[in-house]
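A quick write-up on the structure given underneath.
Residue numbering begins at 1 within each chain, and the chains themselves are lettered A, B, C and D in the order written.
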Amino acid sequence: MCGIVGVSGVERAAEQAFLGLYALQHRGQEAAGIAAIRDGEMRVHKAHGLIIEGFHDQELRSLDGTVALGHTRYSTAGGAGLHNAQPIHVRYHQGDLALVHNGNLTNAKVLRDRLVSEGALFQSTVDSEVIVHLIARSRKPTVDEQIQDALGQLIGAFSVIITVGTTMYAARDPWGIRPLVLGRKSEGGWVLASETCALDLIGAEMECPLNPGELLKIEDGMVTYLPGLKPADRPAPCIFELIYFARPDSRVWGASVDRARREFGRQLAREHPVDADCVFSVPDSSNSAALGFSEESGIPFELGLIRNHYVGRTFIHPTQTGRDFRVRIKYNTVREVIDGKRVVVVDDSLVRGTTSRGLISLIREAGAKEVHFRVSSPPVISPCFYGIDMPTRDELIGAQMSVDQIREHLNVDSLGYLSLEGMNNAVRQYGPFCDACFSGNYAAPLVDLTYRSKCG
Amino acid sequence: MCGIVGVSGVERAAEQAFLGLYALQHRGQEAAGIAAIRDGEMRVHKAHGLIIEGFHDQELRSLDGTVALGHTRYSTAGGAGLHNAQPIHVRYHQGDLALVHNGNLTNAKVLRDRLVSEGALFQSTVDSEVIVHLIARSRKPTVDEQIQDALGQLIGAFSVIITVGTTMYAARDPWGIRPLVLGRKSEGGWVLASETCALDLIGAEMECPLNPGELLKIEDGMVTYLPGLKPADRPAPCIFELIYFARPDSRVWGASVDRARREFGRQLAREHPVDADCVFSVPDSSNSAALGFSEESGIPFELGLIRNHYVGRTFIHPTQTGRDFRVRIKYNTVREVIDGKRVVVVDDSLVRGTTSRGLISLIREAGAKEVHFRVSSPPVISPCFYGIDMPTRDELIGAQMSVDQIREHLNVDSLGYLSLEGMNNAVRQYGPFCDACFSGNYAAPLVDLTYRSKCG
Amino acid sequence: MCGIVGVSGVERAAEQAFLGLYALQHRGQEAAGIAAIRDGEMRVHKAHGLIIEGFHDQELRSLDGTVALGHTRYSTAGGAGLHNAQPIHVRYHQGDLALVHNGNLTNAKVLRDRLVSEGALFQSTVDSEVIVHLIARSRKPTVDEQIQDALGQLIGAFSVIITVGTTMYAARDPWGIRPLVLGRKSEGGWVLASETCALDLIGAEMECPLNPGELLKIEDGMVTYLPGLKPADRPAPCIFELIYFARPDSRVWGASVDRARREFGRQLAREHPVDADCVFSVPDSSNSAALGFSEESGIPFELGLIRNHYVGRTFIHPTQTGRDFRVRIKYNTVREVIDGKRVVVVDDSLVRGTTSRGLISLIREAGAKEVHFRVSSPPVISPCFYGIDMPTRDELIGAQMSVDQIREHLNVDSLGYLSLEGMNNAVRQYGPFCDACFSGNYAAPLVDLTYRSKCG
Amino acid sequence: MCGIVGVSGVERAAEQAFLGLYALQHRGQEAAGIAAIRDGEMRVHKAHGLIIEGFHDQELRSLDGTVALGHTRYSTAGGAGLHNAQPIHVRYHQGDLALVHNGNLTNAKVLRDRLVSEGALFQSTVDSEVIVHLIARSRKPTVDEQIQDALGQLIGAFSVIITVGTTMYAARDPWGIRPLVLGRKSEGGWVLASETCALDLIGAEMECPLNPGELLKIEDGMVTYLPGLKPADRPAPCIFELIYFARPDSRVWGASVDRARREFGRQLAREHPVDADCVFSVPDSSNSAALGFSEESGIPFELGLIRNHYVGRTFIHPTQTGRDFRVRIKYNTVREVIDGKRVVVVDDSLVRGTTSRGLISLIREAGAKEVHFRVSSPPVISPCFYGIDMPTRDELIGAQMSVDQIREHLNVDSLGYLSLEGMNNAVRQYGPFCDACFSGNYAAPLVDLTYRSKCG
């Protein structure tokens, strides 16, 4: 997953982009980058790690201009080198071009192989680079058409922001898998961002989300909608954004993330009631769901786990010290809350199950009499090919074990997952959604997957 | 404030000290340091910033030995240079000596002036350095007596851990102002730390806290209690540790920090009841108190504020953008929780009032119908001279304004502080306490203060 | 100017390439890079500054493999960013390709514009990048032919070494403007380098220089000559390599550089005799010529100028301090040699004249009675377009002033340049040469120059 | 060995100190430091490596003030940490004090042990730190007397510059072992430096050298001579400064270094004549002596060895490659000069003999018919205890072998050392000198040596 932001028509636009990325930091901590343009001259700075680590006064001052775009990158398969960080920036026959991309293309390999065989030279291993090659090689006469031509060849998930010179373009894939919203600053200027929490910090008002397949252009302070891509018959916004990825203070898919999670928690309580002394969350992403569970069940809400927020990307692992060490580094129990109690632990999702297992062992050590584990989403049974970093099916505990086996594996007294139906119903008014990771039902075709199995 | 840790009789002791500091990171983020000793040879590494930023595999491997001590430093008056970071390490006539200190001496200036006039050369501007000069200049024949001699001249707050060669010493001031606990690893070896959460991560069992004035020595796996300092007539452990400073999963002064805060919240609800739709905390330090308030009042607990945990030490402040910007960088509101509601906001303490004022402005912007501010401690009216970093009296809102004026200044519908009596009663069984910042009643004499006003 | 080196069939080839670049450091100090290949996997490291500054144990160990190539870059117009440093490395449809290039193409702009209009995306601003695009886009079926195809489109100066997988290619332009020699290690393995001094340090025996237009391939320990490029009717090796650029312990164009310079000095003494007390050089590049002058004239050789070798690339220029400051930073006079004497100063060439002017002012300050300036090459009247970094004609003192005017400008008692004829005669047996910078007579067509003046 | 510089009464004094250190870089490349004072506030910057590597615009600008002193440090026994670099700077009861020291005390251990037993805490392992402790502990009432008191307790070699507040002091030991000269800037302001070449670059006129035991003070633009130390009966300036250490363009001990070396070379030719085809030096330190040898003998001077000046402090040593590798990295032969010839090689001194042996092997490889080795100083038979970094007697080839054995060991056809008498005679008018390393005759008592052998 990644976070993207674009700013147009604002003095010192890079500083606004910086704030946007800072608000979107939860979408990716591996690397950050900002490109800024003044008078058609582009400057780019990228750095490993958090946005506040890599961008200081000096860097921001050098990123002069009224147009800027930024990207914060999650650790993914492409590799961690800065050449894989975004914005991707190139000089092509129409001028300086920069691009940021959230999502994952499902035909990148097919496109890349074709481009390479034609003599294209790639600088990175990320799927997003095919987009700039397609634009540069388009035979269409205008930049507008070149971009439209290139985007039309893509399959999969893409929310993109592109600049050519000082003109900014933004688009979403026909399925509308990843979010992208447009905001406006009251003093003038436009902002594009993955989530509304970025608009809040930048001080922009939400104008509207981009629709599936929509392509817009910002130039001289004006937003124009260009002929875009034909929307898919059935839009498929990612439901995992609501469950885990987005910030609770954001609105995504028209829904308040906090309210959606609260509703998942309530529904979970209805589906898997239990007699217990307290309920607490795995902080912080499950807080809302745990509160919803508490409200619906009447079981008192507690703070049973403390999370250490100083965990860095580079935490070293001493030779130490028992199998739950990685969990202990991040969480500690509040013994007084747990000791002698029948506790309900609410987590937002269960992917590999390793962390949960460690947590439960800590909770038992702190003296819990009974541990009831509740997950505010269905079993993850199939990887995401649209941009969420997930392990292969072999490592997905939901794909490898029955619920009963998982309960035993986690060593809990009871285990309850939110049902697929319950989840979709809870946010029905904002759907339908892509729930492929829970259902195996993929909206956009998995072209590379077929291609790979054919070509080896 | 600072966090300190000592490890003795454990292979790769520096790695354990690292874990201890990591758990104590909330006590200071400005700089961290570890000293390790093998065969009487000491190695020291210090770095600015978080422990995980400055200590990687390479540094830890170079810190060989079975004895180690560590320190994490809060930003304080001494200045930010690494020469002011601890451990302080010197070679004196009895060998290599290292020292870590939590607390603040109230006669450091008097001692320092005397030492300087005798020709002592100081390397830092921190008060703790006087201790090593006093040890080095003691005329007593043994190390034990030299340390006792030196500590006997100190007034104020000090929890210290000292190594001379591979022998470790630990002591607390006669008033017992700052915490220090002794733990034991089941496989052998001793651990000293500011809070029990460090023992938890290191995997050591709490053995006992050190008593006021106590001086102990660890050598060859044995703990010996030496003749210490005469305890003050009335011990004065810092109550602010329970209110704000310590981690909720620690036990401090015999109390569970979480339970103490819960009780402060309950008492606050009793003292300042209000009719409202929901109660939420200023995360994370006020979570327990807000939950206590909710339990006692029956007003539903909510998550109304989201805190951005990526705020770094070096966050740059763009030219931006309205007076509440520093608050917005750290917090955002969940509009759905607040809009149209009568809300109770619980904060643990009110020092300058700047952040609270900004927060309330955000909360009003999010549509709150009424805002009731509740503080789970009394007004701060007098600075701490024992190691908590506080502004001067001029900047303490509690010292400058009446409660009514503060209510107006914050622009809240009602304001309620926990009473001094209510606070002390809530944790009476663990007291009595130093509550000087709330009462102006200082336990250990403020020697330098008098001296300075005499000498100019 | 640049230095290049290639190593094939030697364990830890990158270390050998490192030594080669170290010996060629005088050919460029701005940046250095090495690519190494093991089992078809390529690793590249580049760094600003000297080879010994940017390549330490760790970097060299990571550059595993039996095939390596390296480049050391002079400051040139392309800009100082590392993306402009070499080796250029790309992945194209035939595998990993790396390239190092010494020289300058005279049709790079024409080629680049054509490639860009076809949609090629360039990553750098250096002329050498067109070569890899030409290879990647060649329609020829084999790598051998693709390379030949690409090289056949180039005009100007190029000595290149290329790897595709573990196969190494080397070639020189049809005019043979820049040097490239092949050496062999007695224990097996091949080495390519700009100068023989690199072979000396690597411990390789000189096998043969590459001829103009020659293209060879090294694979599995065998050297194969491929059909190359048609040699120009009149080869044009650069005479400036002998005059200034190459190291005196190298053999270039079949000549000992030291002997060639000695001969230039002797001829200079014959052409411009003078009655004087001593002769000294501008160290170190003019040492050989000054010695030749002394031998021929019988005037005693002296050491009148001391050069400070600690001048770094990043020397700061304090607000200081008179117009000769930049010269003083680098040179100081030995007053005892100069005071009261009639001195002959020998320099290898006169480009802008700024340094010489400063030097002469220093020499006069040291008490010289007469200063006779002798230059062991003719006036530079026209820029080099084949890879030597020179100012434009406007800044060439030899193009702007008569010899008499220069004599006055430098404030010397007499000035003598080596004649064009005298220079060529001195090394006639190794020629003919390109002497365009002295004669304006360019061997390879200046395509971009015409193109630019046409297109603006 | 080290280089020191002091600047007083000049705007941006640190920049002048920087230039001075740059000119003195040959006296030490391990670390450099500058202290600057404005209004009694001192700022210090130290860095590993060359002065130009560690001091950039930013650092120099931060070193504000009209008084500055600097130090460049040679690799010595104290260890390479920056805490061992100078200026030493402390705050004592009279204010900020900084000190730079060239030379080596012979009673540092005795003084240090006494100070430590009195409770002094040392921060470094360098001998120079005892001086600041002695000043700080002096019972004398004024700074002038405190400094005089401290210096009076020192034995051995010391040229020091000290600042207290903005007052600068400078002194030399009673034997006058290390150089120190005073210069004056024509526009006002004073400069102190180890060698006159530093004055040249700073643009200061030589005023006078400091005499043995002299102590002066610079304040408000005035130089005052204080009561100093009683000069030794027989002054003993180091003759090795003339032979090897100083720059040839400096004047040291009243002599031109170049002329002195020239005379050593002439005398060497008289003492050890030989029939040969050419003479060349081991560049650069032996250039003057080789030229002297050539003049006296009539054997033509040649450039037979090329030195690579890019050898850095951190040169890595690949697994490579024959025993002469370290020599090859630094030197290469000019085959055309050597092949088939009877050559005389002149070196300035022979310490361990390792480099010379490697060089001769290279020269033989280049085809020399006969190799005659000439050393322009006597055999080094005894270590220097006054500041020149030398191996112990066990590693001094002159102390372990007869001249005949050395000749065989080096594999030369003949070997000739300059005689002790010949050396002293050549520079008699500037003497007498300390020639302890050649004669074993030490001027200043070796107190620590006796003390150590007594105490173990």
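In this text, a contact is a pair of C-beta atoms (placed from the backbone, for glycine too) under 8 Å apart; a residue touches a chain by one contact, two chains touch by 3 or more.
A quick note: this is a predicted structure, and the numbers were derived from the prediction, not measured.
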Where centres are the averaged C-alpha coordinates, which chain has the largest centre distance to subunit A? D
On a C-alpha centroid basis, what's the spacing between subunit C and subunit D, in Å? 36
Where subunit A and subunit C are represented by their mean Cα positions, the distance between them in whole Å: 51
Can you compute the centre-to-centre distance for subunit B and subunit C, using the mean CA position of each chain? Integer Å is fine. 63
Two or more other chains are touched by the subunit C residues none
Take each protein chain as a node, join two nodes whenever their chains touch, and name the resulting shape: line, ring, star, complete or other. ring
Listed in rising order, subunit B residues that touch subunit D in their complex are 90-93, 116-123, 132-133, 136-138
Of subunit A, residues touching subunit B in the complex: 12, 15-16, 18-19, 22-23, 25-26, 29, 50-53, 55-57, 60, 197, 200-201, 203, 247-249, 256, 258-259, 287-288, 291, 295, 300-303, 306, 308-312, 314-316, 318-322, 328-329, 332-337
